[in-house]
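Each of the next two complexes has subunit A plus one more chain, namely subunit B in the first and subunit C in the second.
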Partner chain A sequence: MKPRHNMDIYALTWRLPVLVWQTLFFIAPLVFMIAMSFFLVKNYRMVEAFELVNWMKMFSRDYFWDSYVLSLGLAALATICATALAFPASYALAFMVSDNIRRWAIFFLIIPYFTSYLVRIFSWYVLLAEAGIANGVLGYLGLGPFTMLNTAFATIVGYMALTLPLVVILQTLSMANIDRSLIEAAHNLGAGRLRTIVSVVVPAGKVGLIVGALFCFILSFGDFVSPYYLGGSKPPTLTILITDTTKSGQQWPRAAVVAVTMMATLMVIAYSAIRYAYNRRQP
Partner chain B sequence: MSDKHKSESISRRDFVVLSGGVASAMAFPAILTSRKALADPTELNLLAWYGHGEPDVVSEFEATHNVKFKPKYYAGGDNMLALIAQSPPGTYDIILSDSEFVQQLNEAGFIENLNPEDYPFDDFIHDDFRNFPGHWRDGNLYSVMVRFGHLGVAYNRNTISEEEASSYRCFWNSKLTGKVGHFDWHLPTLGMMSLYNGNSQSPFDLDGAAWDEVKKTTMSLRPQVGGFFDYGGTFNSLKNGEMLAMCGIGDWITGVLEKDGAPVTSVVPEEGGIQWTESYCIGKDSKRADIANRFIQYMLSPYGQVRSAEMAAYPAFCVTKAGQAELRKVNMAEAERTGQVPGAANNPVTLIEEGRIHYRDIPRQQSLEDWNDFWSEYKNA
Partner chain C sequence: MGAAQFVLENVAKRFGNQVAVNPMNLEIRSGEFLAIMGPSGCGKTTTLRMLAGLEAPSEGEIRLNGVRINEFKPHERETPMVWQSLALFPFLNVRENVEFGLKMRGVPKAERAERAHRWLQRLEIDQFAERDIGNLSGGQRQRVALARALVTEPPVLLLDEPLSALDANLVVRMQTVLIRLQKELGITFVYVTHSQSEAFAMADRIVIMNEGSVEQVGTPREIYRAPTNRFVAEFVGTNNIIEGTVSSRKAGMLECDTALGCIRTLCGENNPIHPGNRVDLVIGADLIEVSAEPIWSDNCFPAAFIGEEFVGSVATLHFETESGDEIRVQKQQRETESLELAHGKPLYLHWDADTVYCLASRTSDERGE
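Now for the complex of A and B:
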C-alpha cells in the first residue's frame, strides 16, 4: 500500500497548481458572484445581505426571458453555422493536403487572433455598412443594397469572426488524428466518400467536432461586442442586459443574477456536450 | 598576516571610504530624481464625460499651472454616482456632473461647498443658470454650471426636410422605418416622448396616467428603430447613413459631424427640446481643492468658455456673455452655426425664454429604476 501512498502525493503535487489556480480564479470569483446576487444596492453602494429580491425581480421580467431565449437561439445558430462552414475546410486540411500545408493553414487560422476582436468587429462594421464594401460588390452584380448592420445577420457574422478559425483548427486537429486505415477499410468495403464521412470520419472525430461546437456556443453566448456593435443591441442579448443593468442604478447584484444564470446554462450545456462526446457506443 | 597579504586586503578605513563613494554614486541619480520630483506636475483627478480631460481642453491650463489631469470618464449620471460611491473620499478633485445629479451628489456628501464670489455669476447669460436647481442648498453653493446644450430631432438633411424635422412626429415617418436610432440612455428619449405627448409643463414629472401614455407612445416608435447605440456607435451610424434620424441627442453629436461635412443637423422641434447641463463640483476631501477651483474659474473665463464651446469630443453653448463674445471674436462661424449671436432664431437664450426648452431632470414621480426597467422592455420589444 505504501507505493500507492507515494503515488498519490506525486499525483497531488502535479495537480496542485491547477487546483490552486481554479480555486483562486474560478471558484472564488464564482462564489463571490453568487453571493453578490443576494446583495442589495443602497445609494449606489452595494450592501451585503441575503435577499432573494434580485432573483425575483429579474426572473419576473419578460425582457429577461426574451433576452435569454434570444441569446440561446443566436448562440445555437452560430454553432450550427460555424460547424457546417468549418467542416469542409477542416476535412480538406485533414485529408487532402500535405502536413506542411496543414501546418501553414493552422498558422494562418491563428493569425486573426493576433489582433483585437474589437478591431476586427469594427472592420466588419465598415464591410457591412449600407454604403460599405459588401454592398458595393453586390451593387456590381446588380443586387442590393441590403441592410446588414444592426441585424441578427451581422451579429452572426461577428460570432463567425470570433469562433470560425478556432472551430476549423479544433476540427482539423481531431480529424487529422483519425486512423487512416479505418477510412481505407471503409473504401475497401465499398463505402462511397459521403458514406465514409458519415459512418467513419464523423464518429471517429466526434470529440473534436463536439468540442469545437461547444467552444463556439460558449464564446457566442457570452459575447457582448458583436450583438452590441454589429447587431445594434436590437434586441439585447443577456450580455447587453448585464451592462444595461449595471449602467442604470449600478445594480451589480441583478447583473450577477443574469451572469449566474448564464454560467448555470453553460455548465449544463458543456457537461452534456462533453458527456456526449466521450460517450462510447455500447457494443 | 603578511605584508603582501595586508597590501592586497582592504583596510577598514579603505572600506569606509569606498563605501561612501559607492553610496554617493548610487545616491546621485536619486538626488536627480528627487530634484525632478520637485518639478513634477501636480496630478488632478477629474471625473467627467469623455473629452473634458483631453489636451484640446486642458493642455494650456496644465502648462500654466504645472498640473497634469488624470481623467476618469463615465457615461451617464448613475455611472458617475456609482464611481464616486465606490471610491474613498478625496479620490476625485474635480467632478463634472449632469446638473440633475448634483442634488444627489450633494445629499450623499460627495462634494465640497464653493464660494460664489469666485465665479462670474453676474455675467451668466440667463437668470436660471445663476440659481440652477440643486446647485444651491440652504444658501450654500455646491456646483457651478459651465456648459449646456439642447436635444431635439437629429436628422439626415438628405432624407428629412427641416419642416418635417420640426416635430417629433417625424420619427414615425415611413421614410425612416428601421432608420431611427436611439442614444442608449432612457432619460433624453423618454423626456422627448413626454414632450411629444404634450407634457410641456413638466416632462419628467408625470403622474401614473401620463407615464403610461409616455410608455405607449414610446412603444409605438419601436418598429421604426434600427438600433441602440453608445457614443461611438451614434457617431458612426449617423455618419455612414445607417441611421437617418436619432432620438435622444442634439448638436453635441451632430455638431461634430456637421463640421466634418456630414449632412446631419439637429433642431429643437415645436413640442420643445431638452436641455443638458454640465456643472463642475469639487470632490469631498480633495487635497487639491484650490487648484481645482482655479480650473473651474479657468473654464468660466472667456478663453475657457471657448475651449468648451469648441471641445473636440462634443461642443456646447457658453454660459457667460464674455464667453459668447470671445467665441464670436475667434470663431464667428461656430457662433453663427450654434445661434450664439444676437437675434439668431436658434439662439439658446431665446429658445429658453420662448418656453421651448426644458431642463433635463430625473423622474419625479417614478424611480430611475422604473424608467430603466421600461427602457429594457422597450429594447426587447
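Now for the complex of A and C:
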C-alpha cells in the first residue's frame, strides 16, 4: 500500500499547478461572475446582494432574446460557412499534396494569428468599405457598388478571418491521420471518389470536423470585434449587449446575466458536440 | 483449373527512380489458388496492388479475360482485396462493413441485409453482426474482412498477407477456412505472403519473387524439390546448398567435387551439365539420413552434431562436416531420440543420389540480366 500512496502524492504534485491555475483563473472568476449576477446597483454603485431581479429584468426584455437568437444564428451560419469553405482546402491538403507541402501550408495557416485580430478586422474594414478595394474591383467589372459594411455579411467575413485558418488546420490534421488503406478499401469495394468522401472520409475524420466546427462556433459566438466594427453593432449581438449594459448605468450585474447565459449555452453546445464526435455508432 | 484469367505482359512498376517490379510475365488461371511469395521489398505487394488498380503499371499490359484493364479505376474493377491491416471501417459495425460493397453497387437495402447475413453465417460470425469492429478478436476481424470482400461474389479475391498479424494456431485455423472457401467458391485467390508455410499449405501454384523479378513459378512440389535457381533453393528454407564442380558424367550419374568430397547425383539426359561446370547441389534437409556407423550409400560423410532446434514435433539438427561446412537435417523429434545426440558426437550423414538436385551455378553476370 505504501508505494501506491507515494505514487498518489507524486502524481498530485504534478497536477497541483494545473489545479491552482484552473481555480484561480477559471473557477474563481466564474463563481464571482455568477454571484455578481445577483448583486444590485444603487446610485451607480454595486451592492452585494442575492436578488433575482437582474435575471428577471433581462429575461423579460425582448431585446435580450433578439440578441440571443441573432448571436446563435450568426455563429451557426459562421460554423456552416467555415466548415464548408474549409473542407475542400483541408481535403486537398490532407490527400492531394506531399507531407512537406502540408507542413508548410499549416505553418502559413498559423501566421495570420501572429497579427492582432483587431488589425485584421480594420483591414477588412478598408477592403469592404463603400469606396473600398472590393467595390473598386467589382466596379471595374461593372458591378456594384455594394453596401457590405454594417451588414451580417461583413460580420461573417470577420468571423471567417478569425476562425477559418484554425478550422482548416483542425480538419486537415484529422483527415491526414485517416488510415490510407481505409480509403483504398472504399475504392476497392466500388466507391468512386465522391462516395468515398461521403461514406469514409467524413465519418473517419468526424472528430476533427466537429471539433473544428465547435471552435468556430465558440469563437464566433463570443466575438465582439467583428459584429461591432464590421457588422455595425446594430442589431446588437450578446457580446455587444454586454458592453452596452456595462456602459449604461454601471449595470455590471445585468452584463453578468448575459455572460452567464452565454457560458451556459456554450457548455451545452460543446458538451453535445464532443459527445456526438466521439459517439462511434452512426445515427 | 481453368483458362488464363489475368495475364501480365511485361508489366513493370517504378516509383520515381526506384524499381519496384521489373518487367514480368505471369498468367493467373481462373479458379486457382496462387501464392506470390518473396522477402520484403521483392515487389509482391506492388504486383497485387496493380491487379486491384491501386497502382498503375509503369509499362506493360494487364489483361483480365483478354481485356486490357490498365486504365480501369479501382472502383471499376471487381477485384476485392483483404489488407494486411484488414482496413475494416471502424465507424461501421460488422454488418455495415460487410454491406459496404453492396451499398456502393446500389443493391437495395433488404437484399443487402440478406446477402450480408448469408456471408456472416457462412463465416460463423453472424452473432457479432451488430458489434463494433473494436470489440472483435483478431480471428473474428479476419472473417469480417473476408465476408466484406466476398459478399459481392467476385471472380477473384486478392489477399495481402492477411494472416501475418494472427498468432500461430489461429493462422492454421484460418488457413483451413481459406482453403475450404476457395474450393467451395471455385474463384481465383491471389495470396501474397512472405511465409513459406502459408504458401505451401494453401497454394496450387507459387510465384517466387526477389528484387522485383519473378524467380520461379511452379507447384509447391516443384518449388520445393526442383528449384530453378539458387535464390529459390535458399529461400525455401530447409535446403542445404553445396557448391561444387562436375568431375565426371557417366550414364546419368554425375560426380561433383565439393568441399565435403565427391557427391554423386543423378542427371537427366537432357540436362546440359558437363564436366568442368560449376554447380550448386541442393539437398533437402528432410532427405538426409543420420546413422551412428558409416553406411554403403551414394553419399556418406562423417559429421559432428553441434546443435538442434524444435518447431513442434519437427527437429532441425545442425551438423558440422570435416570441411567445416554446416549441414541441416530435419527429423521427427521422436526419431532423434535413438541417436542419443550430444554436442560434438561424431555421426554419419548419408543420402541417395536421386535426392540431390543439381543446379547450374548462375554467375553474377547472369544474375544481372
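In the analysis below, the second predicted complex is superposed on the first by the 266 of 283 C-alpha atoms of A that agree within 3 Å, B and C clash if a C-alpha of one lies under 4 Å from a C-alpha of the other, contacts with A are read in each partner's own complex, and residues count from 1 in each chain.
Heads up, the rule we're going with is that a contact is a pair of C-beta atoms (placed from the backbone, for glycine too) under 8 Å apart; a residue touches a chain by one contact, two chains touch by 3 or more.
The structure presented is a predicted model; accordingly, all values stated were derived computationally and were not measured.
**Student:** Put the two structures on top of each other at subunit A: do subunit B and subunit C fit, or clash?
**Tutor:** Fit.
**Student:** Just subunit B (first), just subunit C (second), both, or neither: which does A:88 touch?
**Tutor:** A:88 sits against neither subunit B nor subunit C.
**Student:** Touching A:139 in the superposition: subunit B (first), subunit C (second), both, neither?
**Tutor:** Neither partner.
**Student:** When the two structures are laid over each other on chain A, which of subunit B and subunit C touches more residues of subunit A?
**Tutor:** In the superposed model, B touches more residues of subunit A.
**Student:** Which of the two partners, first being subunit B and second being subunit C, lies in contact with A:203: first, second, both, or neither?
**Tutor:** It touches subunit C, and subunit B stays clear.
**Student:** Tell me the contact category for A:184 with respect to subunit B and subunit C: first, second, both or neither.
**Tutor:** The answer is second: A:184 touches subunit C but not subunit B.
**Student:** Quick one: is A:192 in contact with subunit B, with subunit C, with both, or with neither? Answer first, second, both or neither.
**Tutor:** Only subunit C is touched by A:192; subunit B is not.
**Student:** In whole Å, how close do subunit B and subunit C get at the C-alpha level once superposed?
**Tutor:** 45
**Student:** Pick out the shared contact residues on subunit A: the ones touching subunit B in one complex and subunit C in the other.
**Tutor:** Of subunit A, no residue contacts subunit B in one complex and subunit C in the other.
**Student:** Can you list the subunit B residues touching subunit A in their complex?
**Tutor:** Residues 75-76, 78-79, 81-82, 84-86, 108, 178, 181, 184, 186, 225-230, 233, 236-237, 240-242, 368-369, 372-373, 375-377, 379-381 of subunit B touch subunit A in their complex.
**Student:** What does subunit A use to touch subunit C in their complex?
**Tutor:** 179, 181-182, 184-192, 195, 199-200, 203-204, 206, 280-282
**Student:** Of all residues in subunit A, which touch subunit B in the complex?
**Tutor:** 43-45, 61-63, 66-67, 125, 129-132, 147, 149-150, 228-229, 231-236, 241, 244-245, 247-251
**Student:** Taking the touch rule as given, give the residues of subunit C at its contact with subunit A in the complex, in rising order.
**Tutor:** The touching residues are 52-54, 73-75, 79-81, 83, 85, 87-93, 96, 100-101, 103-105, 132, 134, 148-149, 152.
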